[in-house]
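Which chain is which? They are A, B and C, in the order written, and residues in each are numbered from 1.
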Amino acid sequence: MKYLLVEDNHELANAICSRIKFDGHVIDHADKLEDAIAYSNTGEYDLIFLDIMLPDGDGRSFLKHHRDQKKDTPIIVLTARSQVSDRISLLDLGADDYVTKPFDHAELQARCRAVLRRKAGTAQTILQFGDVAFNPLAGQLSIRDKMVNLRNRELRLFELLLNARGQIFSKQKLIDRLFSLDEDVSENAIEVYVGRLRKHLEDTSLKISTHRSLGYRLDDD
Amino acid sequence: MRYIIVLVLIFITYSLNAEEWEDQRIFSSGSTNQTLRILSSTDTSFFEPILKSYLVDNPATKIEYLVTGTASLDKIFRNTPEKYDLVISSAMDLQLKLVNDGFAIKIQDSNHPSWAKWRKSLFAFTIEPAAIVINKRAFANQKIPQSRQDLIKALRSRSKFFQNRLGTYDVRKSGLGYLFATQDARTSETYWRLMEVMGGLGTQLYCCSGDMIDDLISGKIAVAYNVLSSYAGARKKVSDEIEIILPADFPTTMMRTAMVSKLAPNVENAKNFMLHLLKTQLKPADKNNYTLPPLLLKPGQQTIILEPALMTYLDKLKRQTFIKEWERAIIQ
Amino acid sequence: MTNTVRISGSLRNRLMITLISGSAILGIILFFIVRGYATQIAQDGQDNILKASLSSILDAATIQDGLVEVDFPYASLSMLDTDLDDRVFYAIYQDGILLSGYKGLPAPSSLTGETRTFQTIKYKGTFARVANANRILVGERGRIEISVSVAQTQDDLSRTLNSISKNVAVFGAGFFILVAALSYLATSTTINPLMRLAASIKKRGPKDLSPFEKEIPSEMVPLVSSLNRLMGRLDLSLKQSEDFIAEAAHRVRTPLATVRSYADATLQRVSKSENREALRSMVRAIDEASRAASQLLDHAMITFRTDHLQKEYIDLIDLVQDLALRLSPIAEMKDVKILVNHKNPVEIHGDFILIQNAIRNLIDNALKYSPNEAIIKISVGSEPTPYLKIHDEGPGFPPDDIQNLTLRFTRGKNANGIIGSGLGLTIAKDVANAHNGRLEIFNHKKGGACAILSF
């Protein structure tokens, strides 16, 4: 995925960028309106994170400019204003969603997925592994042309393991990635999700192996 | 009456005040601590029932009843008003002048008719017309005169018979006589004609009604003019010799009046007596018990009005003029 | 917020007192003028009678044989008779020497020609009006001056005057009462616009700082225009302070976001469990702070707004579905499903922002307390009145203090570990009340919390 972050606070921008990159995505950062417009004109982004208060103008004018140019790149607004009226006006101006600072990274990711899924109709990327076909944007998994109904966490576990095939994930790491930070989750929960996913992937070329005291790994035969 | 009133009758042979009283009597019902002094021109016999009835309700009071003529009464009272509680007189003009001169106190009495009082001080309590009284024998077989004109005719027709057999008040001595004379003169010229006729026949002059009626009964005189009908009536009960005629042309009607002295020694008691007197005189039901005529105005009857004009003939000049004219008519 | 107002009298009372005391003074003046006039007329009446009496006595004076005779008629004194039997005094003088009548009456000073005078004197302990006149008679022995005084007490006059005074006093009192009543009316009429202004300001919501635009009497223009200016300034400063609060929130939120993001990122690299726990605690604290700030701002906004509802027609189903969609990413994180159940369209008349906020808080609560892979059922209906019911599969409200949960900053005892400020239910309840509706919360028989918002 390729993201554009428009945020004037460099500290926050660094933190967001490092978190996004950790998930294996590409992210560009613009710290003012002028740069943001330039970036969005040249690069093809899957999604834009937009701060509203910018030193050379209001994020809302970027939104307007963006929609005026008929660009359909989804925009998630990062706002420090929590009031209902502010939020509603943002949506009216064409933002796809918003998160209020400070935000949970898991929530941001969830909102990204939701937004992307809604826009998925246009560009289709399907990853094929033997009998298994996966559409990452729509979050759809089909095995032998049959849609598999995965729960959100199963899907994200699968996505996580698939994106880093052959890499072992510790249970702790999986919890960090799958659950919100304010949830108290035991390692057993991971075992339950891994067990369910294994069952779906039975008789396919994709296998989840257990590495005692280390974690789990997805292998492609 | 529940108990017997002890009537103490004292004849006084001499007067402590050197006054010449016609009568002086004390009424008392025993234990007494207050003496009500009444100065009056009314004969004691007329007042006795009222005095007695007052004593029934006020046993602690002693009443000293002093009788004198109206003119001397006026003089005595003016000289020593502090000695008397009540003043009763038939001379309305003199009484009114006493009140006008400030000798009386006011008494609140709402029942008494307004025409019978003046300044709430002077109260009238009888109605008494002046009458022509005749000796019946003198008019045997003769038409009895009913008016002054009738009398003039009768006198003229039998002038020899009536020579020196006529009587009337000496207005110079009697206050009541003067009042009657002036009121007659004020009302009609007939008065003067009558006086001239009477003067021509020779008329006896009296100070008081009593003497006049005495002479009438005895036959010494045949006609008395302007006699108080009440006195004559009282005497008629005893002797049937006389006839009382109220002149049909105009009866001169007097009201006996009473007042309480401003300097009265027993003001409250005097006031009570006054109220008692007025109450009794306004109640004609008890007529038989009392000898005083009640304060009862017959329909159409008029009295001498209680008004300041009564003082007119008390004026020195007016009196001189009137007496002069009267003397000219009656004393020839 | 009750400040003590320093009171210095009442405008109404002051006006009333001025008008009433004015009318009282007028009444008294009127009384004295009328009484004075009546006194003069009555006195003139008495003087005329005294004059007539005097003339009749003087006219009767003649010289007979060189002597003065005054044969005055009965009517001379008769005409002085009055209802109250006033006392009468007279005196006749010849060349200043008392000829007849009362002593001590003022004798007229010897004057040439005929004159008449009137005076009031004290005589025999009472006040009397005396008329004097004289006349010259010419006899054989020369000129003789006859003078006469006639006096009458004033009992009847006083009674007449007293009765006039009484009538005038009654009239004056009536006049006074009438004027007092009119004063009251006039005062009320004058004060009314002020009262209306006060009432209309009182009726306003705390955020209504618009200028007063109704028509007012010209005298009130300075007051109302300064009031409008004051409200203008207040409005401006209120807006500025609101902006300031929002700005402050913004300033705080951005660094908080930085810290949270770093914590998030760091957590991915740290494996030592005590470090991880510290980071997680930090993240929770930040979340708690930001949520509390949001809800406080929301609550303040709602408090202001409930006094000044901006009503419109709202499709409740649309609103709920949109909210469910907005919240679905968060629901998905826990594999929670939000099912919106409805049959017929439900429309309500209310303030969109307030109602959206209330429902959002209720769904937020349901989401927070829902276990993984649970279902939140929302049903919307219009019978008997428009309502919205949210039923989750969480642990339910603590039965002990279910009544207190809608109070400010009260959180359920089972809220441990769940981030919240305790204002969510309060906001929902306040919004319901502002729309004459109600919020019911209870635990479902088959488990889970139930909240019904009805309008």
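Note that in this section a contact is a pair of C-beta atoms (placed from the backbone, for glycine too) under 8 Å apart; a residue touches a chain by one contact, two chains touch by 3 or more.
In this text the structure is predicted, and so the values were computed from the model without any measurement.
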Top chain pair, ranked by number of contacting C-beta pairs: A-C
Taking each chain's C-alpha mean as its centre, the one farthest from chain A: B
Distance from chain B to chain A - Cα centre to Cα centre, in angstrom: 145
Centre-to-centre distance between chain C and chain A (centres being mean Cα positions), rounded to whole Å: 65
Distance between the centres, which are taken as Cα means, of chain C and chain B, whole angstrom: 81
Residue ranges of chain C in contact with chain B within the complex: 68-78, 80-81, 84-89, 92, 99-101, 124-126
For the chain A and chain C complex, residues of the former touching the latter: 9, 11-12, 15-16, 18-19, 22, 53, 78, 80-85, 88, 97, 100-107, 110-111, 113-114, 151-153, 170, 172-173, 176-177, 179-184, 189
Touching residues (chain side chain C, partner chain A) in the complex: 246, 249-251, 253-265, 267-268, 271, 276, 280, 283-284, 286-287, 290, 293-294, 297-298, 301, 326, 328-330, 332-335, 353, 356-357, 360, 372-373, 417, 419
Residue ranges of chain B in contact with chain C within the complex: 99-102, 118-120, 186, 305-309, 311-312, 315-318, 321
